[in-house]
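This report concerns only the one structure given below.
Chain nomenclature is as follows: A, B, C and D, assigned in order of appearance, with residue numbering initiated at 1 for each chain independently.
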């Protein structure tokens, strides 16, 4: 198992956002997490990615516990997450955004050799393979034609893709996507799905939370459903979607909305 | 283009050969030295986005430590810079770790660093046996440099100091430029622009904030020691909040988005009072107005407004 | 010795309210407009000089002079808000810098008008109350009463009235508040003006206790900010308590320790509190 | 390189007089604004009046030439950096040979090494306490101190302490003084002085800008001293005296700087209030026509009321000294030969608002008054002939 989450609990003062949630992710999986708003999906990702520590429970990554570690440690370990409403370096260009995201890779590849950059007589450092990687990711995320625009000037869909692109630059083994499809148009979603397929092809494990049922149904091969911080179902997307509690708790609302 | 960038430096380098007014050259010297402080401050403020109020303290500590080392251990100015750096690093780590471990942001960070610099000032002010308290210390000896051909030369007199401080400024700028163009600079930018994102991208914001704070303080401390040895007198007011505010004003006026911006700010704010013939009060009022108008009308400062606002990271 | 201690605790409390009222201004301004108005100290100075002028030259009794003095200060506050702070909303650094620029303008203006020589207003209330060997100046007690009352009233108003709740809501979550129909611009201006009025009021009372100098504002704004942080930004009650703690720490501190370090004792306290409770004593946890 | 520069300057100076026609430039470096401005502000008040009067009277005649005065008085804001730039401008660009001020010791100490290079080329007449320690040292013939000194047999401080002991029999004195250069120096002077005369002392410093002294006053009072010796700017004195009396910590005061104002304001709570006053204007105005004229001139010149309590500070590097300098120039028959002019200054005794002369070290000796106020504001003025 790549990631083993067991009986994870998180409380904020009075309210319990997560209670006793357990699940595993195997390498190469695409795990979908369903759940209405406020069901604790985002909290779950934040706890895994180290934004804040769990109140109880353990998270084992490749067999060793990482619960309560600092976000950058976890990122360095290979778990990277994207934000629900994209976080970007707004006054930098798309390319610069992705370039900054190459921090981890640079560190991994060069290690202490980075310090050579500090030698005054060395010109500004160039890393061909990294810039190649940047181009690759930009193409992959359909951002190559806006690479020189300011991040602030992107459309919402592009912002989301840029978020994904930056996460990809970190070359995570496990990529946590927080509602990647929300607020996206149909073709943007299709585009996103292709990107996700490419990622899987690159042997990246994915964990996607969303409430776009059909979307998750298409991409995920395993799924769990949360309600008020409790895991109420697990299995293939179809199983989960057919699960009575899920229908009652979740689809009901969806239909009501539609 | 490249030529144009170097032009001002060349012009400054030849200035004393054509201009023989000690008065004007002195303004330049002060601008250079304060420029060093401002440029280094901008590393932590403009490039890492942390409003540190500890800068004057670092400046003053540098001045005191260097002089005390020179006068007590009878070492040369250059040797004395080593303890200066060491002590500045130590203090920066203490203050920085406290501030950043507890995730003090923006306003809180400013206030706590201000508190620490105020404490530093009070200690310097009342530690009579060492700092001679409010009476301050007179710095009578000058640094000696060895110039090929000319042999060892005592830095004394306006022209000598002009070049000494000018080189000091260039050094400071060079250090900042190198740091900023490296991956460290990218991390600073990431922290400035979006801390949460920076973290999820695997950047250790604690480490890089501390690094930025430390480098800035070291450079400021060095500026302080140069200042002390030029002006020949050290007093506790070096560490005053007013001093920090002056530096901040320089950075904002010149522009926080570029390395050389603060230098321009330093020049304007140092030279202005001597250019404009006004009654004392009116001049202070003008100073205030300039500060206000810059911030309201050209938030990117003089340089930032001239140069296009995009910055390579 | 005990008596000395008690006396100074009381004195610290009295002095603390003066910090508290500035702290309140700082807290409100920061909560609503997202900037720290360092010029509040200057408004205190303006209020003080207005009062002094009205009393010593206008010949008004102090009680009467208070009103126009505070009103005048508030007017200045309104002016600066419309001319300057309106453009620095929610921009901490710019707001800070603008207020610093404003400080030098106002201070120099005061020098032009009233010169650097210290002014002392004719005494309003002299003599002091004697209780058990501790003598408390009458005027100080009066000042304490007034300031404490004003701060508590502000607190009550904020927690009871609609305007107050709107302000609270806004401080918590601007967007939501705006959706709820809070008139942002008006609210912000209102708060800025009110906080300057508070500073002016503090200044008027200050004038009845101490000598006036154009440079007096600087000291008090620093104390005010410290107190505000100590009590927790955004909490009116906190600002009062913060002020009191600061006052007492300084007073007691300078009995047992060298008084030259007086200003340090408060600072150390502030840092300690911040590390123990980053949001201050009364601040809402985030 | 330095030497070369000095030569350049020297030549420049040798040249200037020949074309500096009938204007004598005098400079003044004082803090006119800023927290430490009180002394500088006051001393920058008298100069313009004097200059104005001399020029209005058609200038002054030296040899066969008539000269007018030009006053250059920038504001140092108490910032040594500013001051050193301004002094350079005065000495090198404007070719000023007579600089009044500074009053602030930190400013003086900063410009001293530079000014030293121009020894013999100009005169610096300042009131700064720390000028005292440089008088009569090598390369400091340019220095003169325009304020009388506390210590030493002729020192007014000495005379006053004797008086204090004689009148009150004080055994223990509490000193509460500002933690800045002036304060430190005063403490250094008076602690041994009291000790020598067998008087116990308690010492506390306070941060400049302090407004509430209750705590430290209470602390001092706990030591049961006979009298409080507070220093030294009126800004602090008004508060100290008021709070000391209201909190009934002290009812007897002894001042060697500052004015009578604070005492009068609280006269009913005070038993003894000794104050050193270079001149007690309120009284002198009635008796001495010169003083009356000065007060009138001041009001006319600035169109504002006369600051009686601050006026004594005018004695330092201002009004009288301009006239005194002019006198010296006439006597020396030169407006450029600073050595000669200095000699004349040292030799003469000028009888203006103050009776001013210098001792052999170039430190001012003035007649001064000791005002002893007792309960209800009864005032006894003793004029002391310093020479």
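In the analysis below, a contact is a pair of C-beta atoms (placed from the backbone, for glycine too) under 8 Å apart; a residue touches a chain by one contact, two chains touch by 3 or more.
Predicted, not measured: the structure shown is a model, and the values here were computed from it.
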item: Neighbouring chains common to chain A and chain B, by label; value: none
item: Chain labels contacting chain A and also chain D; value: B
item: More contacts between chains, B-D or C-D; value: C-D
item: Remotest chain, chain A as reference, centres from CA atoms; value: D
item: Closest chain to the centre of mass proxy, which here is the mean CA position; value: B
item: Approximate Å spacing (C-alpha centroids) for the pair chain B, chain D; value: 36
item: Distance from the mean Cα position of chain C to that of chain B, given in whole angstrom; value: 32
item: Distance from the mean Cα position of chain C to that of chain A, given in whole angstrom; value: 48
item: Touching two or more other chains - residues of chain C; value: 108, 111, 258, 260, 263
item: Per-residue multi-chain contacts in chain B, two or more chains; value: 125-126, 280-281, 284
item: Sites on chain D at which at least two other chains make contact; value: 32-33, 179, 205
item: Contacting chain pairs - touch in the sense defined above; value: A-B, B-C, B-D, C-D
item: Contact set on chain A toward chain B in their complex; value: 49, 51, 70-72, 75-76, 80-81, 83, 87-93, 96, 99-101, 103-104, 106-107, 114, 117-118, 120, 124-125, 166-167, 169-170
item: Contacting residues of chain C [partner chain B, same complex]; value: 30, 36, 84, 87-88, 92-94, 96-98, 100-105, 107-109, 111-112, 222, 225-226, 229, 233, 258, 260-261, 263-264, 267-268, 270-271, 274-275, 278
item: Chain D partner contacts - residues on chain C that touch it in the complex; value: 1, 4, 7-8, 11-12, 15, 108, 111, 115-118, 120, 123, 126-128, 135, 137, 209-211, 213, 215-216, 218-219, 250-252, 254-255, 258-260, 262-263
item: In the complex with chain A, residue positions of chain B that touch it; value: 174, 178-179, 181-184, 186-187, 189-190, 193-194, 196-205, 310, 312-313
item: Chain D residues touching chain B - in the complex, by the definition given at the top; value: 1-2, 5-6, 8-9, 32-33, 74-75, 77, 80-82, 84-86, 88-89, 92-93, 105-106, 109-110, 112-114, 130, 179-181, 183-185, 205
